[in-house]
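Following this line, the structures themselves.
Okay, so subunit A shows up in both of these, paired with subunit B first and subunit C after.
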Partner chain A sequence: MNDRLIQTLLPIGADILRSLMIAAGIVVFSFFLIRMIPGDIVDVMGIQGTLTYGQQDAMRESLRLNEGWWSQFTAWLGMVAGGDFGVSLRYGTPILDLLRVALAPTLILGASALGIGLTLGVGLPVLACVFPKSIFVALVQFITLWSIVVPTFSIGILCVIVFAVWLGWIPAIGNMVVPAVILGMDTAGTLAKMLHEDMVDTERAAFVRTARAKGLSRWQIVLRHILPNALTVVVALFGILLAGALTGAITMEVVFGLPGLGTLTLQAIQGRDYPVVQAVVIWLGLTVVLANLISDLVQRSLDPRIGR
Partner chain B sequence: MTLPALLQLRDLTVTIRTSNGTIPVVRGVSFDLFAGRTLAIVGESGSGKTMTAMSVLGLGPPGTPMTLGGEARFDGLDVMRMSENEMRALRGSRIGAVFQDPAGSLNPLMPVGEQIREAARAAGSDRSVARTKVSALLDEVGLAHLPGIAGRYPHELSGGQQQRCMIALALAGDPDLLVADEPTTALDSDVADQIIALLATLQTRRRMALLFISHDLGVVSRLAQDIIVMRDGQVIEAGSTRQILVNPQEDYTKALIACTPGTGGRPRARLMTLDMIRSGAVPGPKRPVVPGPVVASVRDLTVRYPGRGLFRPGHPALQGVSLDLHAGTSLGLVGASGSGKSTLGRALVGLVATQSGEIRVNDQLLHRNGHRLASDRRQVQYVFQDASGALNPRRTIGQSLLEPQRIHRVPLGTTDQMLAEVGLPADIAERFPAELSGGQLQRVTIARALALRPACLICDEITSALDVSSQALVLNVLSDLQERLKLAILFISHDRALVEHFCDKVLIMTDGRLADVDLRRPVADVSSSAPIVAEPA
Partner chain C sequence: MTVSVAYVVAVRRSRISPLTATGIAIVGTMIGVALLGPLLSPHDPYQFSVRMNEGPSIDHWLGTDDQGHDVLSRLIAGTRLSLMFGAGAALIALGIGAALSLMALSLGRIVETGVFSMFDLIRALPGILFALAFVAAFEPGAFSVMLALGVSFSPMFAMITRATWRQQMARPYVAAAQVLGASRLRITIVHVLPNIIGALITQFAIILPRCIVLESVMSFLGLGVSPETPTWGRMIANATQYTEAAPHAVLAPIIALSVATFGMALIGDALRRGFDPDRRRIAL
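Right, the complex of A and B next:
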């Protein structure tokens, strides 16, 4: 029994360890990646013509940007380890306060997009499997094609023009429903395509024939036998889907003028507000790592064959 | 008998629609199966035996439209006119089914007890009744002694245990008829024997009718009172088991009996084939072979498969294996799946690295990491189980046959001659693998393996995907070639009767270790159709 416990816990520990290593990698990369773009915040302000050369030098010194990357990195790492992400170079406010304000719209947008995506992306293939000759099969194909062919930002701009400018149904800035639906459709398409194909494959499996031979109803066969077996593949992709929803949320925020993480990040990158960019990248990265870890663990609990 | 038959088929036809048009797979089959009796349908793959049985259950292959004709009555009910919902009420509760592949037939994500419980619920048992039924059924199929069996997942069970669970599942609705479609084909012969015994016991105890489908007359003769021999969707011969086995009327039935290895009689040099029966030829008795010099030798070979990922221990596949292969002889290697017999073959050709021990071919010590010189590779060739997978589907047979010679830069032979060696017509060289039968494909891969004139041939389950008459052809071709070319053959198989027919010496492998076998051990005689005694499970 004890042996068995170790056998189950060991791979989970390995998963967690791997996630921690990736997280550490993200922290390091976020620091150096943003510094690879030429020019720092002082240059940006200098180009805008607000600072003299003397002021620029003084500003670099006060922000410690004149020091080498390595000493900046160790200083920053020490701060992050203490849970302090520092102060925005541009606004002078603590970054955690900025994040707190910006997080809400992004979280609401990403979560509702994921919700719509999961509902449509799982619901449609299940219905298409239970009723194989119905409209649902066509709907799965439509939503799949939609997510491949229609980029979210272009349909987003189109929606702003049609619904906000021409029809006046929604405000041009600050609407949540339309971007959530657009992102949800996108996620649903990816999910529905994979799940539908997996379910069609699983349909041919011998254990589905066994289920039919038992005399189970079509719904029982699909929900208890086909779906769980097809889902194991999809669960593994949950982390990627979440990453897609988050990055999609960032573009949607910019298109629909939402004051979320996306808008904050875009401004921070353009203004070379290093600590803000680093903080956002770390937060998003850790979310995706966490989602991947969770999907691994869920998959492990769904499929008894993994990790033995 | 005045009672009407439980299952009555009259002129049953089954047509499937594929992209290449409609194909009749069952063409006018009629039979009666009475309550409490066992009827076997015997035939080769593609004979329509499975389709006949599945049409009774209303279970066609998914995605392939099936049209039924004729009449099928189960307990007086017209199965053909029933709606899907009415059929569903029949399936599970009145007709149970057991299938060929027990590992695939169980849902991998559900504990077996839960799957049996679900079947009992679907057949109309109450929640509490279904729960007690699960343990009763597991006891009935002889699995009760395993602790926590109901909570185990299919992958935690052996093939035999999986098939026992499948049988428990099929019995969950206390059916009047059990359809068993090749239930032992995927199992090792010892385990298959136990399953047959179990089915026999259950059938008698429950007084249910059993429709047993198999390609193996040896298996069938131990269970069935009546046999139907099918070929190309038609009934060739029908009668009592004794009548069919002792006094077969049709050439095809005779061939089917004769070309099954181990079906009684003296060991012969060659297996009977349909052509031999028709021409009245009988192969001569088996002659003892004189072993030639040692071609390949293995000493204390150890192979460990690494575990996947961090912190995962590996598992040993071979633990100190030693053997010698002599020119002109066949060494049989039997063992359950996972026992390491294929690993040994793979280690010989360098497909897996070895941890310790040595492999010598023609007295040359071979590299431990699996690295082989071109000249080493030429000496040992491998024939795989899945012939259609071993041939590139986009190359003609001729291109595939000449490839080894191109790779090794030796003068190209003619495909005509290579094909003639394995008894195939020359025009096959122009065709693609998809156009040939399984038996033809396997002979092509043998011809290709022999293209470089190796000293040693490794045959890994080469006939397990073939039916008995193709198997006889392939093995006869191999025997001819061995005599002529003085080949050393390592013959890997899980079918003991087959290995004992073909090989001069047999080794048994269990958990990566070898043991000798006495070849003089009598093989089960199928001509005696006495009912077998159930083994205590």
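Right, the complex of A and C next:
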């Protein structure tokens, strides 16, 4: 009994430990990435001619830039651990406030893209499995091919030109439906491909034959026996799909002029507002790590064969 | 060694479908344009003129952009640049991903865990964000863009290397080599590597178009090469400010980019299916 408990808990602990290590890696990485940039903010402001030498020294003092990297690192780590990412150099406002404002569009865009992606990505393969000789099989193949060969970036710009500039159906700035559909189709393609292949494989399993022999309907077989088996694929892909949706959201925001995290990051990079970049890297990185951890754990509880 | 035979067989097995043939035709044309480059170009791609944002005409087949450059000439120059940046980035990704992971795999468990944690770390950061931060940390320029893309795509090669390496290590020929006293490093490089090169080439074909797109995205976001360099992404970035006056200037590079990635992705997908007939998901 005790052995079995250890056997189930050990891999879970290892998963959590690994995620913690990666999370720590992201935090350290984002710190040193900024340190690698030659010059500091005081230099940048000095070149702009807004500071005297005395002010430069005073500013370095107040920002603790004249101390060694280790004491800077620990001081910064203490701040970040308390949820304080510092102040934006460009706007002078706390970064957390900026993030909070920018989070909403990104979250809505990412969530609706994931929603569309999951609906299409699960719905189409299920329909294709229930009606194997119907148009749904072709639709699965179409959306799979679509996600492989059509980059969201170029189709996004094309949509802006056609729908916003030429047809005038949507505003050129601030539309959220079109980017959500574009991203959603991309997610759906990746998912539909995996799920369809898995469901076709499961179709040949002995338990499906048994279910058929019992006289269950197509719908019952697919929904009760094939889909739950293939659903581990969805869970396994969740982290990757989320990362993909977030990455896509960043590009789409800039293309469609949405004031989200992507636009914020881009402006921060262009304006050398590095603490903001740092904060976004940490936020998004940790979100993805968390999503991956959850998907690993759920997968483990769904499929007892994993990790034995 | 046997690598070429195995690969040819795998490619043969994929049979050339009409879609794949389309892909080959597109990529062939693209390579031709990239090689011939300046010979095909009707104008100097860097030549300014006062004829700004003009529509297509006999003199300028695809019109001119906001600075009076000939769009067709820039498109041709951009073909070479985009292909070079994409291929450079994908090669760096292949080099880092495959070499590091093979080394780590043959050096044992501890090194493997360390190296693959690093790849997991890179994978956890949204790719574009990683590349943006990377380029921001170094001098913006052609090489740092390639390096940033290469590093952010390297986990894709590491994952596939590890998966196929593990499959191969379970094969009898590896056991035979072990019995003969070959070290893990020797087995990995001399015996296993030739057998996984096909999977790596396939992955390369899948990653290449993504590198080209991401390079364009970065140029579009203003973090790629210098503004006057006519990569497709730069052309898109400049022209999107004038979509109403000169839609042709943005449509031309967008269509070129779409068609190129379409063709490459078709070839990559055909290779994958040929190499992976059981549709086993080796890696994403």
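What to note about this one:
Methods note: the second predicted complex is superposed on the first by the 254 of 308 C-alpha atoms of A that agree within 3 Å, B and C clash if a C-alpha of one lies under 4 Å from a C-alpha of the other, contacts with A are read in each partner's own complex, and residues count from 1 in each chain.
One rule holds in what follows: a contact is a pair of C-beta atoms (placed from the backbone, for glycine too) under 8 Å apart; a residue touches a chain by one contact, two chains touch by 3 or more.
Everything numeric in this text was worked out from a predicted model, so none of it was measured.
Of the two partner chains placed around the shared chain by superposition, subunit C is the only one that A:Ile22 touches, whereas subunit B remains out of contact.
Of the two partner chains, subunit B is the only one touched by A:Thr210; subunit C is not. Shared-chain residue A:Val254: touches subunit C; no touch with subunit B. When the shared chain is aligned, subunit C comes close enough to touch A:Ile240, but subunit B does not. When the two complexes are overlaid on their common chain A, residue A:Gln270 makes contact with subunit C while staying clear of subunit B. More residues of subunit A are touched by C (comparison of subunit B with subunit C). Applying the stated contact rule after C-alpha superposition, one finds that A:Ile155 touches subunit C and leaves subunit B untouched. The residues of subunit A shared by its contacts with subunit B and with subunit C are 18. Residue ranges on subunit C touching subunit A, taken from their complex, read 117-118, 120-121, 123-130, 132-134, 136-138, 209-210, 213, 216-217, 220-223, 236, 240, 243-244, 247, 250-251, 254, 257-258, 261-262, 265-266, 268-269, 279, 281, 284. Considering their complex, residues 57, 59, 61-63, 88-93, 96-97, 99, 101, 104-110, 115, 118-119, 122-123, 153, 155-156, 166, 169-170, 172-173, 309-312 of subunit B touch subunit A.
Partner subunit B is touched in their complex by these residues of subunit A: 10-11, 13-14, 17-18, 203-217, 220, 224-225, 228-229, 232, 302-305, 308. For subunit A in complex with subunit C, the touching residues are 18, 21-22, 25-26, 29-30, 33-34, 36-37, 145, 148-151, 153-155, 157-158, 160-161, 165-166, 190, 194, 197, 237, 240, 243, 246-247, 250-251, 254, 265-266, 269-270, 272, 274, 277, 280-281, 284-285, 288-289, 292.
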